[in-house]
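Here chain A shows up in two complexes: once beside chain B, once beside chain C.
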Partner chain A sequence: MARLVVLGGGVSGHTAATFAAKWLGSSHEVVVVTPNSKWNWIPSNIWVGVGEMSKEDVTFELAPVYAKAGITYKQAKAVSLNPEGDLTNDSPFVTIEYTQEGRAGEVENITYDYIINATGPKLNFGATPGLGNGSELGEYTVSVCTAEHAVHASQKLQKCIEKMRNGERQKFLVGTGHGMCTCQGAAFEYIFNIEHELNKAGVRHMADIKWISNESFLGDFGIGGMHMKSMGFAVSSKIFAESLFTERGVDWIIGAHVSKVEEGVVHYELLDGTIGTENFDFSMLIPPFAGVGLKSYAKDGSDITDVIFAPNGFMKVDAKYDAGAYENWRASDWPSTYQNPTYTNMFACGIAFAPPHAISKPMSSPSGTPINPTPPRTGMPSGIMGKAVAHSICDLILKGEDAPLQHASMADMGAACVASAGKGIFTGTAAAMTIYPVVPDFEKYPGTGRDVDYTFGEIGLAGHWIKHILHHLFLYKAKLKPGWTLIPE
Partner chain B sequence: MALEDEKHIKPYSQNFTTMTPGSFQKKLRTCVIYQFIRFIVINIKMIIVVGKSH
Partner chain C sequence: MVREIIKYPTPPSTAYATDVRVFNEEIVSLIDDLKETIEANQLDGLAAFQIGSYYNVVVIKNEDGSFLELLNPRLIKTEGKITTVEKTAYFGELSATVTRHDKISVVYEDREGKNNSLEADGEMSVLLQRKLDYTFGSTFLQKLSKEEKKRFEQKLEFGIESAISELCPTTFFRDKVMRGVNFITLLLLLNFLFSFFVSTNLETTLWNLQVYGALIALLLTLFYILYGQYEGKKYSGCTSCQIGNIIGTALIALVKISVIMAVSYIFMA
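== the complex of A and B ==
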């Protein structure tokens, strides 16, 4: 009997664990270690953040789902990995610390045959003074990164709407809270959902809304932008995004590293070296991401964290980490099996794997401050790589150690993305997009880096319907209801 | 194009050089019949990309 331990129960970890449990059956054990008691469909947190959904609408209890799937569930956080075991035990093990009520702080070692690191990110609010402390959100801004954060954001938004109803003008500032952030898409959705809600509340004329982000151009989204076929042209996402911002009356600051947040004011540095400040009454700034801080030890107890993890805390996999300057970057730099090169029974997927480099071109201010988006690894690609990794491990267990691994490179896969711009069954809109591939391949597609026949985008009510259907579809799938395997990632 | 559609554009400001949709284009965005057709078209396009990625 083999044991697979999955660290993390987000999109990637949950996908990997549930498919592995299905494919391995009861002859082998799948263990999930996640500090949360609930699963969260994060893309819908945007709607919680504007009061259009409740926390309960986007979460569900994990324990009954894992019990049904035959998965051993431990509500705990992983602390360290011993891939060679220790002096008293030759089996590799992971040390976990329980977060479950009644067992909080209790430590346990779990031995494993295979392990998947799908811990997701540490929300590194502490990287920007005033934005927060460590992974804790600060007092001046709000966040929609977790369902709890989104509920808090919604409460703050309602207070602003009340003030506007009473004749007090309000300034909204939404975007990224550091020069090295990713997830611009979530901030993009939130700013337009706020604008939509203010219109519905009849107070839009009392609001000034501004975007601030680390993108060098609007529509970069951490993927270097994209070109979409429209009216016979290959149109840049820059045009697409600027058009929407203009139409909805939203100003923007781009190429910005937020260097400090104080009560009602953000300090920033721009790519051209300009130093500035922006006042706000309400601000949602996405924090930068980092690895969750897992340590790793060799058999003799020596620290080998830097062997397994990159300096940013994400796990090294089969990527080319020495590609160097932007001019040397290739699509083939990106990992495809997500296997750790040192310990072949370790895999990482979703946000937890260390990307070889950014996708957007790296840039910095004259003072040397790096200001460029880091690569997104969420949503559909995250689910696909989780499933591929689970498939590989199941093959290794069931067919033997010579079984070939599955491949799921972000440079070979596309993604469908739906970005909400306002909720409403007849009044809502969303930008529905597909890109192929996620990581541009300039050797295969010189110029735009992507196949424009499969890269498109348009905004409208149809996109909102799709987003709403996907909300229910993915919650249905994650709850392992009948036919769940038929729903693609 | 109606003046209303141009209200956010200011000469030589950051949004002076971009495209701006007219009122007909904006109406299409929430026109249920048109959007039902687009719903089918977008779903087909997405299914093709999802199929290529698995």
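== the complex of A and C ==
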């Protein structure tokens, strides 16, 4: 009997674990280690953050689902990896620390034959002074990165709405909280959902809404922007985004590294070297992401963390990490099997793998501060790579160690994204976008690096309906209800 | 090498706006071509797209004749608004009223890939923003207000080389004058018919009214001809503004008035 341990129960880890359990059957064991007791459909957190959904609407208990799937579930966080075992044990193992009520702090070593690192990111609030401490959200801003954060954000938003009803003007500042953030899409969704809610509450005229991000142009979204086929024309996401921002009365600051947050004030540095401040009454700033801080040790106990993990804490996989300068970047730099080059029974997927480099153009201020989005790994690619990795491991277990690995490179993968710009059955809007490939391939598609026939974008009510349908569809899939395997990632 | 400038209605390429990644001879050659094309066409600047290249390169001709080369430019900071009438080589002779940022800050790279930034305002700011539009696959069309965009798209139907300073309005002021003339003509007719049902004492008064009314109608028709000519010069591209149409319309009005007055003279005077 082989044992597959999956670290993390987010989109990628949950997909990998559930498919692996289905394909391996009861003759092999799948173990999921995740510190959370609930699964969270993160894309809907923005609706929790404006009070349109409850925490319960976007989460469900993992234990009964894993019990049904025959998956061993450990509510714990991974602490370290021993890919060679240790002096007393030749089997590789992962050390975990329980977070489950009643067992909190208890440590256990779990041996494995294969391991998937799908821990997701550490929300690195501590990277920006005042934004938070370590992975803890600070007191001045809010976040929608977790369902709990989103509930807190919603409460703060309601207070602001009350103030506006009482005649007090409020300033909203939403975006990224560091020069090296990703996930601009979530902030984009949140700012327009706030705008939509303020309109509904009849207090829009009392609000100043501003966007702040590390993108060098609006609509970069961490993927270097895109050209979307819309109504027969190819429109740059910059034009698309600028039109939307202007239409909805949202001002913007771009090319910004938020260097410090204080009560009601954000300090920033721009790409042109300008230093500035922006006041706010309500601010949601996405933190930069980092690896969760897993350590790794060789058999003799020596620290080999830097062998397995990149400096940012994400796990090294089959990517080309020495691509060098922007001019040398190639689509082929991106990993396709997500297998660790040193320990071939280790894989990483979702946000946990170390990308070879950014997708957006690397930029920095005159003082040398890097200010550019880091590459996003949204739900669809994360799910696809999770499934591919599970497939590879199942083949290795069932067909033997020579079985070919599955490939799912982001440079050869399309993605669909539906970004909400307001919730409502008849008043909602969302931008529905598809891009192919996610990582531009300038050799295959000279110019934009993408196939414009498969890169599409449209904003409207239909997009909102799609987003809402997807919310229910993916929760249904994640709960492993009948026919769940038929629903694509 | 002087290159051909892409003009409307050639659709914008779907392969524009890729950042320059390798600063090589190809880029230097592209910059040289942009400069020569600017000089040959006496332009103030060009984006690479305008000569059929998909690289994110803009060259601006400064007032002193030197050139500003911007590779991978990004508009980072903006302040205030400015509204001007703009023309661009892509749309030939056509112009549009565009509202843009007054003061801007742009970061860009030079031909060696070195980072630079500049601040601009007024005309230079407008010019840079217009060229930056191209580097993201846009033209100033996307920056126009709804009304201005509608007007400009109607202009495009006539082609970009026709020097239409403005569109033909659907109604002209002279039409209102002619409606006045027609209304008075109708009153003259009614007055004439009314004269058959009144006593002889009133007939003289009605005839006087008929004469004064006809005089007003004649003066208005004369004003219609003169103002119509003035309006025709304002909208020179409008076929309905041609003097022949105006004189023809005036003649028809005069004939109507003359007939009514001739008959009125016979029965009322």
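Assume the second predicted complex is superposed on the first by the 485 of 489 C-alpha atoms of A that agree within 3 Å, B and C clash if a C-alpha of one lies under 4 Å from a C-alpha of the other, contacts with A are read in each partner's own complex, and residues count from 1 in each chain.
What we mean here is this: a residue touches a chain if its C-beta (ideal position, glycine included) is under 8 Å from a C-beta of that chain, and two chains touch if they have at least 3 such contacts.
Just so it is clear, the model here is predicted, and its values are computed rather than measured.
*Asks:* Counting only touches as set out at the top, which of chain B and chain C does A:Ile239 meet: first, second, both, neither?
*Replies:* Touch status of A:Ile239: both partners.
*Asks:* Report for A:Trp329: first if it touches chain B alone, second if chain C alone, otherwise both or neither.
*Replies:* second
*Asks:* When the two structures are overlaid on chain A, which partner does A:Phe217 contact: first (chain B), second (chain C), both, or neither?
*Replies:* second
*Asks:* Using the superposition on chain A described above, determine whether A:Gly460 touches chain B (first), chain C (second), both, or neither.
*Replies:* It touches chain B, and chain C stays clear.
*Asks:* I'd like to know which partner A:Ile487 touches here: chain B for first, chain C for second, both or neither.
*Replies:* neither
*Asks:* Taking the superposition on A as described, I'd like to know which of chain B and chain C A:Phe426 touches: first, second, both or neither.
*Replies:* first
*Asks:* Return the residues of chain A at which the contacts from chain B and from chain C coincide.
*Replies:* Common to the two interfaces on chain A: residues 239, 243.
*Asks:* Residue numbers of chain A touching chain C in their complex, please.
*Replies:* 216-217, 224-225, 227, 233-236, 238-239, 243, 253-255, 270-274, 326-327, 329, 361, 363-364, 366, 442, 446-449, 452
*Asks:* Quick check on the complex: what are the chain A residues that touch chain B?
*Replies:* 239, 242-243, 245-249, 251-252, 380, 384, 413-416, 426-427, 429, 432, 434-436, 454, 456, 458-463, 465-466, 488-489
*Asks:* Okay, in this complex, where on chain C does chain A touch?
*Replies:* It is residues 11-19, 21-23, 54, 72, 74-77, 105-107, 115, 117, 119, 136-138, 142 of chain C that touch chain A.
*Asks:* For the complex, give me every residue of chain B touching chain A.
*Replies:* So the residues of chain B touching chain A come out as 7-9, 14-15, 17-21, 26, 28-32, 35-36, 38-39, 42-43, 45-46, 48-50, 52-54.
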